[in-house]
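Letters A, B, C and D name the chains as they come in the text, with residue numbers starting at 1 for each one.
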Amino acid sequence: MPTLGPNRWGKSGVRVSKVHRGDGVDDFSDVTVQVLLEGDVDRAHSEGDNSSVLPTDTMRNTIYALAQDNLTRDLESFGAVLCSHFLESVDVSKASVSIRERRWERRSEAGFTGGGSEQRVAEVLRGSDEQTVAGVEGLVVLKTRGSAFTGFPKDRYTTLPERDDRLLATSITAKWVYSSMPEDTTITWNRARDTILERFFGDWSASVQHQGYQMAEAVLEVVPEISEISLHLPNQHHLGFDLTRFDHPDRGIIFHPVTEPYGDIAFTVRR
Amino acid sequence: MPTLGPNRWGKSGVRVSKVHRGDGVDDFSDVTVQVLLEGDVDRAHSEGDNSSVLPTDTMRNTIYALAQDNLTRDLESFGAVLCSHFLESVDVSKASVSIRERRWERRSEAGFTGGGSEQRVAEVLRGSDEQTVAGVEGLVVLKTRGSAFTGFPKDRYTTLPERDDRLLATSITAKWVYSSMPEDTTITWNRARDTILERFFGDWSASVQHQGYQMAEAVLEVVPEISEISLHLPNQHHLGFDLTRFDHPDRGIIFHPVTEPYGDIAFTVRR
Amino acid sequence: MPTLGPNRWGKSGVRVSKVHRGDGVDDFSDVTVQVLLEGDVDRAHSEGDNSSVLPTDTMRNTIYALAQDNLTRDLESFGAVLCSHFLESVDVSKASVSIRERRWERRSEAGFTGGGSEQRVAEVLRGSDEQTVAGVEGLVVLKTRGSAFTGFPKDRYTTLPERDDRLLATSITAKWVYSSMPEDTTITWNRARDTILERFFGDWSASVQHQGYQMAEAVLEVVPEISEISLHLPNQHHLGFDLTRFDHPDRGIIFHPVTEPYGDIAFTVRR
Amino acid sequence: MPTLGPNRWGKSGVRVSKVHRGDGVDDFSDVTVQVLLEGDVDRAHSEGDNSSVLPTDTMRNTIYALAQDNLTRDLESFGAVLCSHFLESVDVSKASVSIRERRWERRSEAGFTGGGSEQRVAEVLRGSDEQTVAGVEGLVVLKTRGSAFTGFPKDRYTTLPERDDRLLATSITAKWVYSSMPEDTTITWNRARDTILERFFGDWSASVQHQGYQMAEAVLEVVPEISEISLHLPNQHHLGFDLTRFDHPDRGIIFHPVTEPYGDIAFTVRR
């Protein structure tokens, strides 16, 4: 008769984002949490007796629920709160929690840049056709205010609520065509990139399309050598996580960021 | 005044899985869909007027809703159905749909192996400690029947329903320790791997833990040179997608596969 | 004064491929190796004394050198050979070797398909433009014979030798346009895909372009509903690893597969 | 008889790094280049006639060779130089070059941080065992001076030359155990992380091990609540690219960064 050796069960890859609403200035957290439990679960393995197997789906719900009051920059404390909760509520001998926090750099009262996938791009075509394109890829931005989406058409498959103020995140790809070469391509590149960021953080927008159009318009205004600019703005959704199911007040600050699917918006604006 | 050039909006990365229930034999589809629309949306971009901007979230819902009756092996027809739907229901000039289908190979009436990330593994340690470990990583399996999860503890954060029969998918990592070396490590490796697959597809299970334990027990029985075996069985969830919201009958065959989070189950079984 | 705790050093991610030349029938291995050593290396850490630190580059060279005579399907034995070598040649207390073998499935005497990234693709466009495209992505193939590359132009930057017979590997993306819809798109898809594979494994080719053209030509011949086919054939290089530097005979069977850079070949063939 | 439609061939994923040596202050470029050519290559496809097919390997060599004199921040100019070269030296009608530049942020005269994969980590274990671990993952650093590797043992498989001054790059994972909790975990985390960076950029080192040990020692000195610290320091090699083969002077400033294999160094230092 075989025996059960070391074992654990839990939930990995629980992505949680949180807006820390302030007086005019918001802060933002973006973490990935793993919870693992260990206990006397021999009969679960050998007999299929689940009476001591807390579902990993419950662990996930718990992480979101407790994040509203407990997730701060002090990751160690949030980890300890989660451990205590599971040690008290289920019959296990050990709880372990890992938290990874992605870094976002503040750019404005409610705006951030994130990640480091950003790349400067140049695309040069010569020969029977000639064109010089410059741009940026992977410029990840997020704002906790100043973005709405309302007034859209509804049909039987529409479940999206209208939102006057939503969290907006995207990974900007912008490519522009030079009709004549600027004197210093690096200075010009920085000017275009800075303009894009300024408008993303500064402008109120009615949609991703509207947001992007304002950015494109501003770049054309600021850099006379650019004849047209194309933007690709995947809408990286942060879904609200409904806490009222658990009889918690829901302050609208806890989100579930998803990688797929994403809103896929792209367009070109010409001088 | 700048002008809007080429443009489109849509939803990318919509993952849909579907069980084609048969008489004792099920088939299984696993696709990723992209929908892109083009139309006269200048005012959406320049003015923030969303009256013609079908939300990409609605596109996503529509893909799931129409998949129930229309997703078959004939991807081109499902694409055409989606295009027709959007051309009729919104004022756009073009609809384009891309579908990518992942391949799953039939192994039993309701069992499949998928993907090709599978690798044979050997880990050899020599010197002051000595051990030889063999195994497999990335052995992706799925079954549409024969897996339950009931009788688990509930608390205020539990929303998971009990299921007598659910879809079960995982990417098996199995590593076993040899107490003595088998005569032919490749024959033995194949025997262990085949046993794991047979039990996954053949045994009814009450949980991932219970499923894995039966697999481990069988390997220990079949290969006398193995002293212990460790399994890592991430539960790759296929979430039911509620179609009743759209006044469609919900036949329980349409799922949303998610990469994160995943149930994280690991344990060792010793002779 | 701090003390050194557990430590190890080594080389990870050493990719080795090997052709097992047979009498008309070749076999093929594709492994990724990690070597880690442990020993009394306190002074290396605290003093910068490297007299006992075997360079990880030497470990890498050793893996390629010993693979020629020792890498077979019996990964455990190759691991043990590597461990013995390092335990004898350097003053360490422990050597550990991990080997992961990617699976390739035999398709002909010298042809294989690999990995499982293959996806069937459909792209349907409707509205002001109409087109139906079908295809395959990620169809990974490799052959150990029947591919040459000679007679190319040379300049001061050319170092590539001419090869009458080389190993050829690629990940096929093929997309074809239907001028009229076939009766059964799945049967037709399989016919096109099978034709591509048959010609890849069956035809001698003078270059990737020549190889692909023959595949495209054959698909147009076999499926009358296809008006044009586009191929993307990244040349996934397996670089010879020169063993003569180590005073080993070099039998031309040991390769270093690289992911980047890759030869980037794409073209369309029309009826 | 089918006809050849649009087509191109070239090299993708050519990674080039370059040290711009200054008077005490170095700058650093890290780009990925793609070259694609188009021309009258029908016979190459249909007949296997390679007389006009410049090998993609030659394109790769050319990129490295021309980078020495021409790669600056002005990516567009480097792209134009490459296009001109290919249009002059081969009979093609079009040349297109794409360049992507990864961003590195200056931290010292010869030190940079790169990418944005950095994550703060907390691992909290409670129950029958208790431990609190904090740390950082994916802290990518590079220095163009101040790192040596000499005095190592040689055997028949050693080809690595001794280097008094080499480029050193790694992605730091550091995890430390708290014996007592600091008052403010975020301030303490920043102090530990800043100390790691200061020592990486400030200390001369004889090896990765020696570099890391100095970092670990300093963290233990600066943060009394830490009882031990573990480092994982993959050596991300930038290989010199020999330009003398092309009769170019080789100024030792052009490198080929590789992802695999990597030197795999890990150890723990205890108070």
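Throughout what follows, a residue touches a chain if its C-beta (ideal position, glycine included) is under 8 Å from a C-beta of that chain, and two chains touch if they have at least 3 such contacts.
What you see is a predicted model; the values in this text were computed from it and never measured.
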Requested in this report: Please name the chain that ends up farthest from subunit B once chain centres are defined by their CA atoms averaged.
Outcome: D
Requested in this report: Averaging only over C-alpha atoms, locate the centres of subunit C and subunit D and give their separation in whole Å.
Outcome: 23
Report summary line: subunit A and subunit C have mean C-alpha positions lying a whole-number Å distance apart equal to 35
Report task. Please list all residues of subunit C that touch 2 or more other chains. Result -> none
Requested in this report: Go through the chains and record each pair that touches.
Outcome: A-B, A-D, B-C, C-D
Query raised in the report: Of all residues in subunit D, which touch subunit C in the complex?
Result: 2-15, 32, 34, 36, 41, 44-58, 60-62, 65, 89-90, 149-160, 205-210, 212-213, 216-217, 220, 228, 230, 234-235, 245-247, 259-271
Report summary line: Interface with subunit D, subunit A side, in the complex: residues 38, 73-80, 82-84, 87, 92-103, 114-129, 132, 134, 137, 140, 178, 181, 184-186
